[in-house]
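Structures for review follow.
Shared chain: chain A. Partners: chain B in the first complex, chain C in the second.
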Partner chain A sequence: MTGLWAAPDAPEVLREGPSREALRALLLAMADDELMLGHRHSEWTGFAPDIESDVALSSIAQDEIGHARILYEQVAALDGTVPDTLAFDRTPSEFRNAILTEQENGDWAYTIVRAWLYDHADAVRLAALAASPLGSFAALAKTLQREEKYHLLFGNAWFTRLAGAGGESRARLQVALDTAWADAAALFEPTPGIERLVDDGLLHRGPAGQAALWAATVGPRLGALGLEVQVDQAVLAAAGGRAGWHTPALTQLLDEMTSVWRTDPRARW
Partner chain B sequence: MNLGEITPGARHVFAVFRQETKNDAHVHVGDVHAPDAEMALVLAKEQFARRDPCVNLWVVRYCDIDATRYEDADMLEPATDKSYRFGGSYREQQRVYRRR
Partner chain C sequence: MSAPSTRIIWQALGEVEDPELPIAITEMGLVHAVVIDGGAVRVELLPTFVGCPALGVIRDRVRNRLLAIEGVRSADVIFRFDPPWTIDRMSDAGRARLVAHGMSVPRVRLAEPAVCPVCGSTNTTLENPFGPTLCRAIYYCRDCRNPIERFKPPADELLVAGR
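And now, the complex of A and B:
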């Protein structure tokens, strides 16, 4: 398979050992997040509230799945696996996505709230990677940031309108926020060895710092819209996804997503 | 819906203009439904800028567009031969028209 992104440079620190393993774990978690959320977004194709948003969210789904592919290629380059196998041939407990990204779509309010919380978290995470001295990974992060900028615009536009509309719209948004918040904070559950990357200077900001920056970004925006959430309790609240613990929603998602692939795992697409 | 008609529907339909490069004029490429201009721009990006080159988008509410009436279209047709106005033999004109 032709890579979408140039092979990573391999400085001494990445040739072997704990930093290499820690970077692989981080990239795998990011890839799994993007793949699951991309798949969930794609389930709205044909069903979104208006045709324009249907097209826009479908495009965002394609973006996220494209990002997953780029990240899987980097994981594969580090551990000798195959991107398609990583995406389609693992059991649920082998995935490292945060539980937030596997949850079913629910209503449009939940979809928007999840996308909004996730994209703000992803922005913080990508910024930490974009500031890495590992040149190719920093460049990769900057490439992904270009599309993520639009995802934030789309999410912000919908989020503020649902919040400002009052009535049922706002009530549903608050319910969705209550449902999604703890799962969203768990996006920053540490991946194995991530502190090592920070200590080695390979990652600009660790999980706790990222979580704090994220809370400091979304918290005031929620406040400005008069929405309530328990910011202080939630940071790094629930753990699980990064250790392979998942909900039945992931099993359902994987069954659906891999159904074509499983008809002939050796086929070349 | 007609251009310039102020109806509740017209307030929520925006004409989208796409500019391919900074040296090109904005060209009307289609419409989006949106509650306001900001949302119209967000939605227009994926409807009209995901395939073709684009450096800039405009959105304009249909009810903000003033237009001539189709009943008056005859006044736009010359009554006598005005081909002397075309200027087709000027090199600059040829360059401009060839691009279309």
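And now, the complex of A and C:
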């Protein structure tokens, strides 16, 4: 794909090596998250429990993959790479998505729990970027916030519905929550150099502050619904997606996602 | 050969239809800026949703239409996300065209009561915030019992925070 978007307009300080590299690493992690989760959501097309959810998840998938595209263009503008290559021509260990986003869809409860936890985390992350003196990068975060809100609308409605249904529905939701929680907390695993951005006043809120804000948002909602989570402070240390450590689920996902592209990497679509 | 006029360029852009809705891109308010430098034309567009899969099609349509204008040697078409597209950019003519097509169109935001395009009732309910495209949501009219497609702008202030 050729570039669609205007070149970034960033503050002078981003011409400096370390800040630029730290921002690049953060945007790459965000893009990889959106691409993987977008792909997983798209696997529900034709299989969701009702037609509305089928349409919704397909639309959210389209949104997330579109967001990955624009984020890859920002990364490419910072480091001189090519967006298509970033999306399709890296080995699994070169991806920086959180493991949460690559996991297989599992059942409907896991899909909803993951989407709900992720979209709340993404909202916190985007808010931090949007409030930062990062020129067009902050503007992009503001634009993405307007679109992501609809994902939360979908996730909130289903999460509340499954929790309120009782019986098997609620039991499955609790199992899914137990499975997803540590992976979701690891969304805030620091990307390289991110603390430097915070120290230099270039990022409004760092990973620890973001994780706390996220927990303060989803925690009371879970409590109100009578759901419990095991809070393990060791999970961040046990993370690894941001350093390139992944599960076989990512290899499987990439094999499928890149199968068409690999038939002819130079083709123009 | 003389450079094309701004009027000619805007007129041509008014003939480019959105791939997903029966409305010109100018009526939709997608055109942010037109810069003419001799025979080189640069057009900056604001998409409704940045993840819209039709962006490549829109770009190609605009570029091809511009290159068909006498005096245009090169056409550079890019998208911007800043400033963001907002629904007040849609013209009254464009709005009327969508309504005539059978769509409901909010004035400012999705949270307004949806007006049924068939019977005019506001006794309507949201069925699904997602529809056939990113910029459409599905409603249902409780009075005339028709399903409704409603234009969905990006959420500036959403009613549902914390719901």
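For this structure, a couple of remarks:
Note that the second predicted complex is superposed on the first by the 257 of 269 C-alpha atoms of A that agree within 3 Å, B and C clash if a C-alpha of one lies under 4 Å from a C-alpha of the other, contacts with A are read in each partner's own complex, and residues count from 1 in each chain.
Criterion: a contact is a pair of C-beta atoms (placed from the backbone, for glycine too) under 8 Å apart; a residue touches a chain by one contact, two chains touch by 3 or more.
Just so it is clear, the structure is predicted and the values come from calculations on it, not from any experiment.
Because the two structures share chain A, they can be overlaid on it, and in that overlay chain B clashes with chain C.
Judged by the touch definition given at the top, the superposed model places A:S136 against chain C, while chain B stays out of reach.
Of the two partner chains, chain C is the only one that A:L144 touches; chain B does not reach it. More residues of chain A are touched by C (comparison of chain B with chain C). Of the two partner chains, both chain B and chain C are touched by A:E52. Once the two complexes are laid over each other on the shared chain, residue contacts for A:L152 go to chain C alone; chain B is not touched.
Using the contact criterion defined above for the overlaid structures, shared-chain residue A:H67 touches chain C, although it does not reach chain B. Touch criterion not met for A:R262: it reaches neither chain B nor chain C.
Of the two partner chains placed around the shared chain by superposition, chain B is the only one that A:R161 touches, whereas chain C remains out of contact.
The superposed model built on chain A shows that, among 25-33, 43-51, 61-69 or 133-141, the segment of chain C colliding with chain B is 133-141.
Overlap of the chain B and chain C interfaces on chain A comprises residues 52, 55-56, 59-60, 150, 153-154, 157. Here chain C touches chain A in the complex through residues 44, 49-53, 55-56, 59, 78-82, 84, 127-132, 134, 138, 152, 154-156, 158, 160-163, going by the rule given at the top. Of all residues in chain A, only 1, 3-6, 52, 55-56, 58-60, 62-67, 69-70, 136, 139-140, 142-144, 146-147, 149-150, 152-154, 156-157, 160, 221 touch chain C in the complex they form. Residues 50-53, 55-56, 59-60, 150, 153-154, 157, 161 of chain A touch chain B in their complex. Contact residues of chain B toward chain A in the complex are 32-35, 38-39, 42-43, 45-47, 50.
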